[in-house]
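Got a structure for you, written out below as structure tokens; questions coming shortly.
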Amino acid sequence: MSTALTLPARRATPGVFVALALTLAVGWLVVTVDGGQLFNQSTTVSLLHVAAGLGLVAVGQTVVVIGGSLDLSVAYVVSLSTLVAAEAMQGGDAALLPGVGLALLASAAVGLLNGLLVTKAGINAFIATVGVGLLLKGYLDNGYDGPAGRTSPALVQSLGYQRVGPVPVSFLLLLAVAAAVGIVLTRTRFGHHLLAVGGDPQVARLSGVRNDRVLVIAHVLCSLCAGLAGVYLAARLGSGAPRVGTEGLYDLESIAAVVLGGTALAGGRGGVAGTVGGVLLLASIDAILNQLEVDAFVKQVIRGVIIIAAVAVHARRAVRKAGW
Amino acid sequence: MRPLITVLAIGALLTAAGCATDEPTAVASTGASPQAGAGTGEQSKFFVQAQYDKELALLGATPAGPAGKPWEQVLDPKMVETAKFKKPGPYKICFSNAGLNNPWRQVGFKTMQAEVETHGSRIKEFVHVDAEGKDQKQIADINDLLGKGCDALIVSPNTTATLTPAVEAACRQGLPVVVFDRGVDSTCPVTFINPIGGYGFGHVAAEFITSRMKPGGKVLALRILPGVDVLETRWSAAKVAFDKAGADVVGVEFTDGDPAKTKKIVNDYIQRYGTIDGVWMDAGAVAVAAVEAFVDAGRPVPPINGEDQLDFLRQWKERKLTAVAPTYPTYQWRTPVLAALRILNGEPVSSPWKLPQPTITQDNLDEYIDADMPPLHYAVCGCRELPGYPERWR
Amino acid sequence: MSDALPSPLLTLRGIGKSFLGVRVLGEVDLDVLAGEVHAVVGENGAGKSTLMKIVSGGYAPDEGTITLDGVPRRFGAPRDAQRAGIGIVHQEFNLLPERSVAENVFLGHEPVRRGLVDRKAMLDRTADLLASIGESALPPGAPVGRLGVAQQQIVEIVKALALDARLLIMDEPTAALADNEVERLYALVRRLQQRQIGVLYVSHRLQEVFDLSGRITVLKDGRLVTTLNTADTDPDRLVRHMVGRDLSHYYPERAGPDEPRPVRLTVRNGGNRRLRDVDLRLRAGEVLGVGGLQGSGRSALARALFGAAPFTTGDVTLDGEPVRLRSPRAAMRAGIAYLTEDRKGEGIVAGGSVLDNALLAGRALRPAWRGRAARTARVRDLLTAVDVRAAAEDQEIRFLSGGNQQKVVLARWLALEPGILLFDEPTRGIDVGAKSAIHDLVRRLARDGAVVLMISSDLPELLGMSDRIIVMRDGRIAGELPAGATEEDVLTLALGTVPAAA
Amino acid sequence: MRIAERRLLATRPHRPGTGGLVPILVLLAVLLVLLTVRQPDFLAPSSLMSFLGRSAPIIVLAAGQYFVIVAGEFDLSVGSLVTAQVVVAARLIDSEPSRTWPVVVLLLASGAAVGLVNGLVTTRLRVSSFITTLGMYLILVGAVYLWSDGAPKGGLSEEFRRFGRRAFEDVVLVGRLPFAVLVLLAVAVLAVLLNRSDFGRTLVAAGGNPRTAELSGVRVHHVKTMAFVLSGLAAAVAAILIGGYSGVSFQAGAGLEFGAITAVVLGGVALGGGRGSVVGAMLGALTLETLFTLMNFYGVPGALRTAVQGAIILLAVAVSARRSVRR
């Protein structure tokens, strides 16, 4: 018999947004002193574009992480999706929607495979998704020796480069997707069940939740988000790019963003808002260091330190609230 | 029951993967297959016959320009007017760099920085943004640079196709754009600077190897990664050469630039085929590892190619290898700065600006070996009389 | 069992189940009528939990039929059983601490409006359900992790009722409850009965079985022994059915009141976040019982003495010398052992072997390379001595029954030859046979000069085993009672209804 | 019935997790048979020895990773640690033979130090080890590039390189005995002893149920930190062997963390901790290496290899997941 269940932090207050505000303030100051300008139009647009790509992947990653799972195949899904979209479109606007549809369908299929391997075959998510990632890498390496296909110009125009003031359409897409996923997580049965499965699979199962189905759907959603990121990148790059996902380190960076946003890797706790904050934080740090022309290697070190420090702060807060 | 089904499903997947391997295997090991002479397989979609012919022709051409300064020379010059870009100095020059993630780019970038220093009075600011090998970031970087009041923009694209729209956007701002190393699918930049190119590299190496081994000899091709355009063109030219010479390409392997993996692969090929008659490489990064694999196995090193990295050149000399080192010279990093300054001064430049691409052979090997430089330094850097030599490159 | 009875709500016929070729249940028949409380009793390992899991859809039976309302059923998953109207209140809480009461209650069947979860309806209906069982004080929006154990128990029950359950399975529902809270549960069960809900009630506490049930089914070794009308039997006869023999006396003889033995451990003014003003003297050879309600500081006292949540104020002496019990290791070095209340969460390493579990403390405290074989041999002897029943010593401990797991944990501590043993609910959820074995052992340890501090919610056990009893309330020692005290004495102190004359 | 039950526990010799080795042994055997069919002389002593020698680094890494994983944690920093160590060694030795041994000692010490930091951050600051070691990975990669200005400098001495490259020649029975095999043997023996020692068993318990372990006197933070230190040390040994085998390169450790984790899981060790043996982990690594060699001999096209590798890993792990008794 367990002792009384103790209560950790109820809702992770979006501490990441405090960090974001601080980072931007300090960054603005430093950049200004340095003689640069942090918030001019082009910098802001660049920042939001970088955030849009990573953000879409990270929002999807949030879903699986809340369910207590993990997806390390997203980088390859992103690449796959750019190729499927661009090759289906072949530079024509007529095939725009079918192209997007096909890309999402292919991504969903990968998510389905991930989900089935994790639930039905009982393979740990880390290994299952690394394995699927290797399968995809094999397919991409074997089938493509470089960029292929052409994205439809209309998509490039709209999703790739169009913006409203300083805000790119792609970032609006990210916000829309994040809002939708946020509603799914907090307001639908699936969301409630997912939080339960991530929090305690046994409890969920005995409460009549179909754990396997919930996790499979979570993996499909995650891959769909990665696929959408792929569509965006195809629009941005004008063609399918077999290495764009791995170059972008979307697998590890998306997990970093999720964790920065306060979602626990163990599952059962967290939300999309924090993830978007985490993505913006990562992108802002990048933008600031870019302005200061900091060496890429220094950047990497700083990024590593910030990720560890942020999670340590989260952990401290959780410990203080929960007691032992 | 369910897990069983899953296991079976994965099994089926595996079998499928296994099946799919058959065809290309047969193609890769042409010697073993009945259709010998069918060659090294389907030509890459990167192969463009006209481009290939042009590059091979340039290999024999004589460059115009000052002797001894290959970074200022041009092969087959086609001058364009730049008067509309003329403006008074000093200038702010911006550089969007694909990455600094390998020694070649490191050496090149240091050379470029040194070149900038020599123009201290004419360049007031040199802004460098590193895209860390990410297309997406480089697009954002270029966009970002457009808001910074640059007088000229130098771009070394991460990928040709995907960076084209961003470069075109930069051109539309009326800014002189200079592209080097990899190109873009657009004529909007004022000029595109690069050496002869991948076909030349791959062809020179493959010709050398086929000429030094018995006809129909077994060749192992070691490649770094699939899907990198520069490397793909090198291999597609080598394919043509090997097929023409009737060489038996027993394997085309990817090493990821990892010397340990390279040694393991070479070892296994030695064990499998007894002798290997030639080793072709699409880049020099793991050439030394390949040489070591033969040495450690107690076999003579067959004809092999590397690049102009000093570790390979030293091995070549010490072990008296039968070798050749086509280059993709790092001195090309000097040229964009020169070109930008000329353009801003309204002087005509050649577009495209084709630089000579020397090959290191047994005859001129000693010229390039420099005992003081680190092992991964690229010998054909054109940097010896630049400020800060040699410390800057160490 | 007579033909005159109305047709039953649930009928089980010939239920059987095997795991890995071992038959754990066979040919079990059982009926539950609407509005009946039907108790199921038996030793640990008798198959009660397995049977309950079969009825609630956790396992599919290998043989036999389940008929609900005259319709034969097959449950592939808990979900199917829930849909059919069978709810279960688990021995171990199935609640998510981070989620609200309402979210927990409606987990798996959230009300939906226009595709979205209708949060308002969820809160309202939870409030209604709570009111219907007289618990309207419980806020439906509060996170479950903030509630006390008894309240969590109520949430469990409401969770089962939310599905309009017509049959409710209660598996050791009082295991976590203090005695005054049990009364509330009784009232609740009777209210369910009035609503014509059938209740399958599994418990080790015979008192409850007699207080609540109309009929009792006894299982032994996976088989049906008998089904009795509660009115026609008594505890002694029931126990004979359960164990197949007479248990003439439950509790072993105390040591005689001979010469006072030396004081081994004293605490003066001990306090920490959960304890205040603790003064304590433990003598060699005595069994000190600790009573009190859940959360009164009983476990906190044991944890403080064991260094898991140390005293922050006050002085502790051992054999007259001051000691600092800052960590479990320090306490272990001082010869103190602690058998935790939460066996699964804190007592065993579920995936470890029986032997690894038994060796754990010795390995941790005195790592050594030489002498390992001798230590292992000693632990083997201990495992035999405490009569652990397992297929092999490298069997994973999670496959053992609760009683056998507890014996392994005991062996782990005995291997250290501790002088002071802190037992926190050592017999909770353990069958009668294993229970008396543990009682014998406790007594024998005391006779050999050890100090035993025994926390128990089971009043007969507390009274039967202790040489002396202290009762905790609100983090303090509310009073001390000699051997021979009555249940009323303990309850009075625990509830604080009469000022304790200390 | 009762009497039958009262018999003593079957005291078969206690071998932690031997049953879990069956799948990996079967897989290894199948791969070896396939290999021998294609290349009969692969099993010749000298060929086998050189295969073992070149596989030594990843096997050593898997042994180190085992201790971290069985304790319920991850170490994603080992690959970058190997790279950093090789690059640092080259720069410090700078082809000067006399500096070999001091640098070897320094590498071991710095490997242990990185492990210590990983362990302390994970246990004391309660940062999930996935994040700790991911951060450490970024830091090490960034730092080493920064320190070397983007290109490795200096060079390794022959003395340093012999550990991974040279061998005792003309040894009876095996012919050629690479030093790396001896190092591997020593590491393997040490790892098995550690696994069976009190430290090893308490570590496994700490991975299985940290609360129980803590309350049984295990210093959970301490043993987990030690596990990270062991992983760091293993990375240092691997770095010495890899540097020796193939020289200095930024690619020296690329991807090794995933390789090691995959190997450990392939060897039947549960991610999440508490179950599996170090022998299984090392066999898992050997199996992976055998698979790569097999693909070399069968001439599987380079681009497809990852797919084959992925499929085999999924298949093997699915089979052992199915085998592990579900209740």
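The letters A, B, C and D name the chains in turn, as written, and every chain counts its residues from 1.
One rule holds in what follows: a residue touches a chain if its C-beta (ideal position, glycine included) is under 8 Å from a C-beta of that chain, and two chains touch if they have at least 3 such contacts.
These numbers come from a predicted model, not from an experiment.
J.: Using only Cα atoms to place each chain's centre, name the chain farthest from chain D.
T.: The chain lying farthest from chain D is C.
J.: Where the CA atoms of chain A average out and where those of chain C average out, how many Å apart are those spots?
T.: 44
J.: Compute the distance, rounded to whole Å, between the mean C-alpha positions of chain B and chain D.
T.: Whole-Å distance between the two chain centres: 35.
J.: From the mean C-alpha coordinate of chain A to that of chain D, what's the distance rounded to whole Å?
T.: 31
J.: Where in chain D do residues touch two or more of the other chains?
T.: Residues 150, 270, 301-304, 307-308, 311, 314, 318, 321-322 of chain D each touch two or more of the other chains.
J.: At least two other chains touched by the same residue of chain B: list those residues.
T.: 3, 6-7, 10, 13, 17, 20, 24, 100, 226, 254
J.: When you check chain C against every other chain, which residues touch at least two of them?
T.: Answer for chain C, listing residues that touch two or more other chains: 345.
J.: Show me, using the given definition of touch, all chain pairs that touch one another.
T.: Those chain pairs satisfying the definition are A-B, A-C, A-D, B-D, C-D.
J.: Within the complex, which stretch of chain A touches chain B?
T.: Interface residues on chain A, with respect to chain B: 40-43, 45-47, 49-50, 53, 116-117, 120-122, 135, 138, 140-142, 144-148, 156, 160-161, 233, 236-239, 241-244, 247-248, 290, 293, 295-296.
J.: How about chain D: which of its residues touch chain A in the complex?
T.: Going by the criterion above, the answer is residues 121, 125-128, 130-132, 134-139, 141-143, 145-146, 150, 258, 261-262, 265, 270-272, 301-311, 313-314, 317-318, 321-322, 326.
J.: In their complex, what parts of chain B are in touch with chain A?
T.: Contact set of chain B toward chain A: 2-3, 5-7, 10, 13, 17, 20, 24, 44-46, 99-100, 127-130, 132-137, 139-141, 143-148, 158-162, 164-165, 169, 226-229, 232, 254.
J.: In their complex, what parts of chain C are in touch with chain D?
T.: Answer in residue numbers: 19-20, 221, 306, 308, 328-329, 332, 338, 340, 345-357, 359-361, 363-369, 372, 376, 380, 383-384, 387-394, 412.
J.: In the complex formed with chain B, which residues of chain D make contact?
T.: Residues of chain D touching chain B: 39, 41-42, 47, 50, 54, 57, 149-155, 165, 242, 245-252, 254-255, 292-293, 296-304, 307-308, 311-312, 314-315, 318-319, 321-322.
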